[in-house]
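You will see subunit A twice below: alongside subunit B first, and alongside subunit C after that.
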Partner chain A sequence: MSKVKLVTSEGEIVEVDIEVASKSVLIKGMIDDSGVEEEIPLPNVKRNILQKIIDFCTYIKDNSPPEIEKPLKSNNLNDVTTPWYAEFVNLDQEVLFELILAANYLDIKPLLELACAKVASLIKNRSIPEIRKFFNIENDFTPEEEAQIMEENKWAEESF
Partner chain B sequence: MVDIADSQKLSFKTHLRNLLASKLIVKEIVDFLSIRDIAKSEIIAKLFKERLSSTQLNIYNNVVIKASEFQDFNKFLTFIDWYQNRIESVYPQTFFLCINSYYLKEDIQELQRPLFLSYLEKLFARLISNSKNLISLRINMARQHGDRINDPLCDLLVPLLKQLVSGIIDEQGQIVQNMQELWIESMATVEMIKQISQFESLKLLKIINCTYVTGEFLRNLRSNNLRTLDFRSSYQIEFNQILECVQNNSGTINNLYVDGEYVKAQQFVELIQNLKNIQELGIFFGQKLKDSFLFELNQKVTGESLRIFKMRKAYKVNNQILNLFFTRCFPNLRKLKLDECRNIQDSTVVLIGTNCQKLRSLSLNWCQQLKSDGIEKVLLNCKLLKKLNLVGLKLLQDQAFERAIQIEEEKKNDIHELRTALDSLKLMNLASCDYVSDTLLYKIKRNHRSMVIFNYYQDEVEL
Partner chain C sequence: MESFCLRGNDFVSIFDSDMTSILCSYLNFDDIMESVIGINKDLNILINQKLDIVWQNLFKQEFMFRDYPDHRRYQGESHFQYFKRSFLIYKEVRQVMRSIFNLTNQQSEQKQEGFIKKFKNRKVHTFIAVQEIMSFQYECFYKNFEEKNNQQQNIIQFLIGQNQYYIIENFKLTTTSFYDHKLELCLLSPSSMKMIQNILKQRYGFHQLPLMHIMNYRHSIIVDAENKFGMGHGALIQQGGPDRSVVVFMAPDILSYLRQHNEKLKNQYFFTRRGIIETYPSYPQLLGGSLTVTHGIKIEAVANYIHFFGVFDKSYYNDDTRYFFSYQVRISVDENYQGEFFPSRLKSRTWKIQMGERVQETTGLGVIGEYPLIESGMEPFIYESCCPTKVLGTIMQGHFTFEVLDGPQKGQEITALIDPFNLRLDDDHQLIANPLFQSWMHM
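Entry: the complex of A and B
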């Protein structure tokens, strides 16, 4: 099977099967335009993230996409998709965020959906202070400002 | 909770900022959240000082209000009010209101009725003035039989429909209608149907469980691109009215759902002759269907196009013709329901397991001739199956599941591929199956904790 050369942000060249790489709409477009001879630079994608992406695209070549129902019924992805997909996005937040940005940049919809579902599952059913801690968001509101925001959206905090 | 080392905080924060800067990504995430979580994400955005206003996020372009997400009536009203304010300067594309809540039923229908109506009146008034982008409207009311308790709500809806019928003026100065999808459940008046029949660009029309509305205005409906018609449980919409509506829009309708209780065998044939490239077909009371119907359908469908097929209570349809029908491969069939098709035998279900491997949902409730061969085949082959309903299969035995369990044992350490349907199933209903043992169900549950299994007594199997 013929291959295409992808260049990571570190400058490393990685050879990938065309069929696998073509799961990215961006890369497919580039191959269609200029063939497989030229190296394709991916300055936004690190080596470790590219490896995750190759793993994913290889998997969806032979398997059906994750198909996660919206809105999420559970915050355990095992309940809403298959074990392989649930395990695949069981990552540190930072890697997860990088993966989302890369999936968005490379235009790989099933991966974008899966990773976003993971982020949603992390937000779901947590209180706002918990979410803030989780995403490491500094709180630079004054207590009065914060009280007002909380008051406006009070119903969202309370259990239904 | 995982804390992040200080050295990583900066890059982490940059990533999060980048993430929230892309509308597409935010939309993807928000789509997976329920309304309560959406409000939370709004708070996060505020806390993050990203100045992402609600309109930038596009969250409120798709208004979704479900009473079932609330257990407290006052909080539900607060939410309606909150939404109404949020869409003050938004022109939503879709609006979905579902008042079908077990907890709030009494408050909504009786105790707090006037208060509830006054909140909805405000919401609809807002919607009417901000309706120019609206393409999809879906309103489900709590099920009502006979009485006209939902008429005041219909009266609130009529002005909105009128507004949508009158259309808007586009850039070329032409009057255009945007309405593409209309879905109403348990609430309809003749006045509403009269308005609805004036829509010219509808793609989907569902009038479900509107038991006292008649369909004479439907013959006026001529839409240039009508794809889906659904008149389930709306008993007074007559066959002739449905047929006329289908004929007037023939050449475009791919998807049809009807009760069929009062439809004669020959009329069914006439109905499907007027459909084009059938993708979804649902008949819920198929008592009058005969073999000739399935024979005709077999001529009419192509294997590739059929995605959903539901045929309940087709008592008179024989196994032989079902066999013929499923001899063909249906690579895109996602949902199949043949509940109470009494004559169906294992030979047909074996064919289903062989030729419909992409099924997501299969329902064979009360198909009482079925033994184990068919279900075994389905479990081995349909590895994308999420729902399996097998209520009342009196001859079904543990044997049907044993081969699948054996394969799972053999491939114990392999999580990289789906071994059998047991890996993909999220729900399996085996109520009233006399010969499926609890021991077997526990065994399956132990290996598949996230699968919901119902036992003989319709109780959920718990370890």
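Entry: the complex of A and C
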């Protein structure tokens, strides 16, 4: 099986089966245009992230992609997809986010969906202060603005 | 794609419109309102204003269809506005239902509990979810109405097969009594709805959406989502009894009916002194009835249209048209009577019934075979009888004669009048010819 050369942000060259690499729509496009002779630079994908991507693409070559029902039934990915996929995105937040960035850049939809589902599962059933803390998101509302948001959202709540 | 390379590795940078859109597709309405929309300004603006597709997805999650015969997205209306407008209708239905359930329980001896679904559990029962067409308000109703028999699904399947719908718990709204008849109008649980739907299909060949039923009588109130009766999409139509050639248009939609019923309960419209909610009004005048006081004897009389016993098809029933009414009479000592009221016994009745031009007079002993004793401090003597008539708007009036049993007038006869009362339909109800009727339906 023919291979293609991918270059990580650290400058390392990694050889990957074409069939696996072609799971990335971006890479597939480049191969279709310029063939496999030239190295493909991925300046914003680190080695460890690329390895995760290779693992994913290898897996979906032989297995059905994660089909996660929308919306999530629970905040535990094990309830909505196979153990392999649930475990695959069981990562540090930083690594998870880098994976999302890379999956988006490389245009690997099943991986992007899976990673977003993971983020959704981390949001589901959590309070807003918890979510801000977990994802390090700044609260840029003033107390008055926050109160106004709550007023605006009252239509979604049960009325008595 | 380029800009993604330069993006920061933090939540705010990563979750732009596209990514937020994907993220939201994994979350439900409660998640988004409770956990996402208030996180920060960017997300708030994205969800409230920019990402209309989020609301299109949420609509699919929340409601069964994209649009309904009685409810759809207006031209130029965003998905957000459509969702909000729709959700507010669902909430209004919920509010009115809760009020009706509470007031009904307050005004009845028998309590009926557990009929409202939890707010966060808005999913309709499977029997509703399989319907191919329905009105939006019908779905909203069943998003709120709890199936109380969930733990006995295998039994329910059996009962459905046997058409035994009356065993399943439904919510009783009102009762009309006369003679041995007890007509209980109920809101149907999903299981009962399914059974009655099956029965209607088997008997008449129609696929209809039952909402209410008079238990143990062949009388249903259906929601006409497809406007087959010509009174509008989602109109409430009463069909019942052996003669199906005429039906009653009850209300333009479910909310109108519920609101009206709720108002009646709030205003203590129904007679509830016997521990049940009767369709006869507390104040007879509200339904064309009368209240008359003569010699301290107060007589309230009010009639009530009962469609079930009507006869309309002359060509089939070699009989004239017959509109059927029951009426309730309440006899008591007037609380404002000055002086002492001496016990008196009812001896005879005389009725004068004016049907259009014709006047019919009848006299008889007692009432329903009884000679009630009327005295101060007792509960009113209440009875019901019926009056079939060829004329809507028939007027009944009459008098009862009493024998005074004590006091200076002992042995004398006094006459208590019953002022005219009307035999007419409820306000807003209309009788209409059944456009779906075929003569084989007289069964």
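Operating definition for what follows: the second predicted complex is superposed on the first by the 152 of 160 C-alpha atoms of A that agree within 3 Å, B and C clash if a C-alpha of one lies under 4 Å from a C-alpha of the other, contacts with A are read in each partner's own complex, and residues count from 1 in each chain.
Note that a residue touches a chain if its C-beta (ideal position, glycine included) is under 8 Å from a C-beta of that chain, and two chains touch if they have at least 3 such contacts.
Source: prediction; values computed, not measured.
By the touch criterion stated above, A:Asn63 is placed in contact with subunit B alone, subunit C being left untouched. Contacts of A:Pro43 after superposition: subunit C is touched, whereas subunit B is not reached. In the superposition on chain A, A:Ile131 contacts both subunit B and subunit C. In the overlay built on the shared chain, the residue A:Leu26 is in contact with subunit C alone; subunit B does not reach it. Residue overlap on subunit A between the subunit B contacts of one complex and the subunit C contacts of the other covers 68, 70-72, 94, 97-98, 100-101, 104, 112-113, 116-117, 119-121, 123-124, 128, 131-132, 135-137, 139-141, 146, 149-150, 153, 155-159.
Across the complex, subunit C meets subunit A through its residues 1, 4-5, 7, 9-12, 14, 19, 22-23, 25-31, 33-41, 44, 48, 57, 61, 84, 87-88, 91, 94-95, 119.
Residues 59, 63-64, 67-68, 70-72, 74, 76, 78-80, 82-84, 87, 92-94, 97-98, 100-101, 104, 112-113, 116-117, 119-121, 123-124, 128, 130-137, 139-141, 146, 149-150, 153, 155-160 of subunit A are the ones that touch subunit B when the two sit in their complex. Put simply, subunit A touches subunit C in their complex at residues 26, 43-44, 68, 70-72, 94, 97-98, 100-101, 104-105, 107, 112-113, 116-117, 119-121, 123-128, 131-132, 135-141, 145-146, 149-150, 152-153, 155-159. Listed in rising order, the residues of subunit B touching subunit A in the complex are 1-4, 8-9, 11-13, 15-16, 18-19, 22, 24-25, 28-34, 36-37, 39-44, 46-49, 69-72, 75, 78-79, 82, 358, 360, 384, 415-418, 423-424, 426, 449-450.
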